[in-house]
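Let me begin by handing over the structure; questions about it come next.
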Amino acid sequence: MSLDLVGLGIRHPDGNALIDDLNLSVAPGTVTTLTGPSGVGKSTLLNAVGGHLEAGFRLRGRVVLNGRDITDLPAERRDIGVMFQQAVMFPHLSVADNLAFGLSPKLRGRGARKAAVAKALDLAGLAGLGDRDPATLSGGQRARVALMRTMLARPRAVLLDEPFSALDPERRHEIREFVMATIRRSGIPALLVTHDRQDADAAGGPVIALT
Amino acid sequence: MKPLLSALALGLSLTPALAEDWQQVLDQARGQTVYFHAWGGDQRTNDFIASVGDRLQDDHDVTLRHVRLADTADAVARVLAERAAGRDSGGSVDLIWLNGPNFLAMKEQDLLHGPFVADLPNARYLDLTEGSANTADFTVPVEGLESPWRLARFVFTYDSARIAAPPADMAGMVDWAAANPGRVTHPDPANFMGTTFLKQALIELAPAGTDLSLPPDDDSFAAATAPLWEWYDALRPHLWRDGLSFPENESIQQQLLNDGEVDLGMSFDPASAAAAIADGLLPDTVRVHVPAAGSIGNVSFVAIPANASNIAGAKVLANALLDPETQARMQNIDNLGAFSVLDPARLDDAATAAFAALPTVPALPSLQDLGPVLAEPHPGWATRLTDAWQRRYTR
Amino acid sequence: MAAPLHKVRSLRGLGGTLVALLILLPVLFGLGHSVMAGFGHLPVLGVKGPSLSPWQTLLAQPGLWRSVILSLWTGMAATVLSLILAFGAIAALQGHAPRLRRVLAPLLAVPHAALAIGLAFVIAPSGWIARLLAPALDWSRPPDVATLGDPWGLALILGLILKETPFLIAILLAASSQIPLRAQMAAARALGYGRAAVWLWLLVPQLVRLIRLPVLVVLAFSVSVVDMALILGPSNPPTLSVTVSRLFTDPDLHAMLPASAGALMQLGLTALAAAILWAAMRLAGWCGRAILRRGARWQGLDRALAAPVAMLALLLVLAGLAAVTLAVWSIAFSWRWPDLWPDRLSLATWQRQSAWLPAAQTALWIALAATAIAMLLAVLWLEGSDRADRPGLQGWMRAAVALPLVLPQLSILIGLSGLLLRADLSPMAAVIWGHVLFVFPYLVIALAGAWAALDPQLTRTAASLGVGPWGRLWRVKLPVLIAPLSLAAALGFAVSIAQYLPTLFLGGGRVATLTTEAVALSSGSDRRVAAVHATLQAGLPWLIYLAALILPAFLHRDRRALKGEPG
């Protein structure tokens, strides 16, 4: 049960190699951190793993999740959750509906689904705010909703693309702990891209510097 | 009651064979939708056609769709195009309100269904004897290919509050226009009414002995129209907009008359002024004028294209237009005011009484006021007049 | 590559195929038909070419060369003046973009024909303006001055400017958000240039490049317009477009040949106009740079910015009067010179529903159907482009979409009608398809921007939550884009309601809409019933536009992030 990158190489549309022959294995319940200067291709790598690579980028090697080769699958069939730098909220849905949007369709029944959403709100410390417009939430609240939404989809791996960098310094610590604890508890592998030393420390797993 | 009575009357007066044939037509027509392509520029005519459609629906289960044309040529073009494309049936036009040149064009190219007029039960009210107005459309023999429905007479309308009555003859129009500069005009001769204005002048001004019922050739046209152009050259500088532009048709000219921009209008419907006054579309001081020598008159016809989709329905409609009750309703100034094509001598007592009881108003001339009918020249004259006028006066 | 990519391609392919089949091929076949017929080859008539006789017949039309010059002159004058006015207006009112947009929106939705009918009464010698002046100038009768249908086509130019200036202003407002306008303005003013000079030297040259396509659309429309030219233009002779469309409806079917030649001539004339405009712009740019190199600050020019504002205000007043005129005439019984107001009002025309209801219903259904079909196609296409990771308008598709707009309608439709003669298509279906042909490009152009501006992380997030491509479209993209979608639909509706030639030509006169009826009635004797049609024609798109503003705002009333969408 792990996320494995096997001989991964990414070439930019202009021909430059961004990543060359990267081999990496992320164990379940752990967070591997990728660091490196801007433009080195950290986010592109996450896009490749998540299936969001833009046209023109050329990919070599395999992405294997839990022993299954997912390299050629579309994003929605990879079971890989993503948290972006700006927590993405669907602006037309309420907070609760944003969470319900993530909720796996395998969970059936109106009552059960409602309860799952309520529990997620509770876990995120947002009980009672389900009917709110996501645009009225603070950055920290949004980050927590985004994470809960990701987890509700029951992903088999999570990608974190500098999810804490847009947060206030005071809130950052608290959210970081919340995210790391949630991932560890779920027992799935996670890849974190960050510039922040403290993020890597909190993640606790291996740190790989891309150059 | 009425439809039943007239149906009864029909049944009695027709020969059994004819009645049987007609019953077949009625049966075929049931449920059909007839596309009647007719000039749509006059709201009262449109309303009248709609009312005929209501009757048609009630009496015969035939639906009437009035396709309102800006120009009859549109529908003729349609039929020609369909024929050219090899569509010999299932065409989009079922019945057309025609005038001379368009009739000639369709007849010459064999685009008309028929003869059918004699088969219509109501044709017995028509004077179809040789030489009657119903048998020739702009001198072109009708030969049963089109059915009459209303009588047209060329008349002038003028605002009696703003201008003296037009002169008794066309020659006098030069002085009259000079006395009222910029207040007189005529529709563009590319339009039917504009051509009629020129034809009316041609009939009065052509050298003695000119036979306008013959198709013109270059020489006869030049000879016949020389006095006309002399007259027109004298008239034109006094016209509205210095004779440089003209209303597109008589409806626009009527609007100009209503707006007070000009003081003269013209029409092929002697009742149009009275109708327009009642409808708020002309000042109530407008009157009708006809030259002393009379004016051009003709009969309006409907015809069925050979490739019509609903021939039976079209026949039922053509017959319904000739119903004495419909014709009396049409001649009623409160409805349309167009003169009936039926022969008074052939009407029964009830119909005669209905016509006698029709209301009258000051702007509505009587048949006597209208004077003699001048026959339409051969259509060739109209075409050449339009061309010659455009060559001479279009910049 | 793998299976999903294959699926992705197929949608892209479907959109492209639909567009090619429904839009591109008909347009090209229509033109091809015109070329054949224009050079005397029309086998259905038994005419075999090639021959030059159609051209000889065309050139023998009375006053043809004057018609040609008139079309070129009115079209170019209207385009250039509208462009100058639009630039002047946004230069002067740049800070008031939202308000400007709101003021112009209703004008954008009003169809050309309705505006022309209203304007005709305002400026006629017996019209409102003349009636206002009559007491002071002691006019007992309307002056015999050709303020309408004048030989120079000035009334037509005015009508076109009235309609095209707001369109170009809207386009310019959108384009000016693509350049760092404020920064450049600040930088240049700090160097001592006046505001007007900054526009002339810096902003206009940048913006002109961005609005080439809309300007071409305006030019092609203005050079070849038929409905407005019928109502406002000269008649002896009329513009080339009117002459050609009359040839097309001539009872003699062989007039189809010179009409086809006319369609080609109209096409050539449009190309000529575009070439002249392009050359003039190059020349202006060259002169501008020469002056710029001399360092002209031209601070005094700022005062001249008042002129376009005054002109725009005048245009708005004229448009307002035109709209009021339509409404008043529709409830007048009689309204004669020199009365400023009808002496008798009556609802009779409105009450006689048979006179207008069928046309209104037909127009409504055609517009709804055409907009729905075009919207479906546009969304399919934009979504297909997204999935192929080639978002927006690119390559041959871009040209294909713009084609129906930059070619004269007359030129396309004459050939198409010739082709349709052979097809057994019901007139209604033909008309709806004809409308789709002209609605679709507007929808794509209107939506492409909003579609491309959509945050890609929204769909990525949805994908990472396990939502497939159709789910992302249906549950994320469409709801988030509901405001631009509604506005685009309203635009499509307005475009459809305004169509004159496609309805007339493809419907073969059997399909009567508000527009064809209004144009036909405008050459009738009853201005009231024409006014009812024109009022409805202007009112329906306006109502739909209003609904398009209100509906998304209502649906998203509690969603802050979706407020302040372009509107």
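By written order: A, B and C. Residues from 1 in each chain.
The working rule: a residue touches a chain if its C-beta (ideal position, glycine included) is under 8 Å from a C-beta of that chain, and two chains touch if they have at least 3 such contacts.
For each chain, UniProt lists the protein as follows: A = Putative thiamine transport system ATP-binding protein; B = Putative thiamine transport system substrate-binding protein; C = Putative thiamine transport system permease protein.
Here the structure is a predicted model, which is why all the values come from computation and not from measurement.
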Graph class of chain-chain contacts, one of line, ring, star, complete, other: line
Per-chain CA centroid nearest to the all-protein CA mean: C
Centre distance in Å when chain A and chain C are each reduced to the mean of their C-alpha atoms: 47
Chain centre separation in whole Å, for chain C relative to chain B (CA means): 38
Inter-centroid spacing, chain B versus chain A (mean Cα positions, whole Å): 82
Partner chain B, residues of chain C touching it in the complex: 44-45, 62-63, 66, 124-126, 141-142, 144, 146, 149, 151, 234-237, 248-253, 255-256, 333-334, 336-338, 344, 346, 352, 354-355, 421-422, 427, 508-510, 512, 517, 519-521, 523-529
Contacting residues of chain A [partner chain C, same complex]: 50-52, 54-56, 72-82, 84, 86, 88-94, 101-102, 104, 133-136, 146, 149-150, 153, 155, 159
Contact set on chain B toward chain C in their complex: 35, 37, 40-43, 46-47, 50, 65, 67-78, 80-82, 84-87, 92, 101-102, 105, 162, 181-183, 188, 240-241, 244-246, 248-252, 254-256, 258-261, 276, 279-281, 283, 390-391, 393-395
Residues on chain C engaged by chain A in the complex (per definition of touch): 1-2, 4-5, 388-390, 455, 457-458, 460-469, 471-472, 475-476, 479-480, 482, 556, 558-562
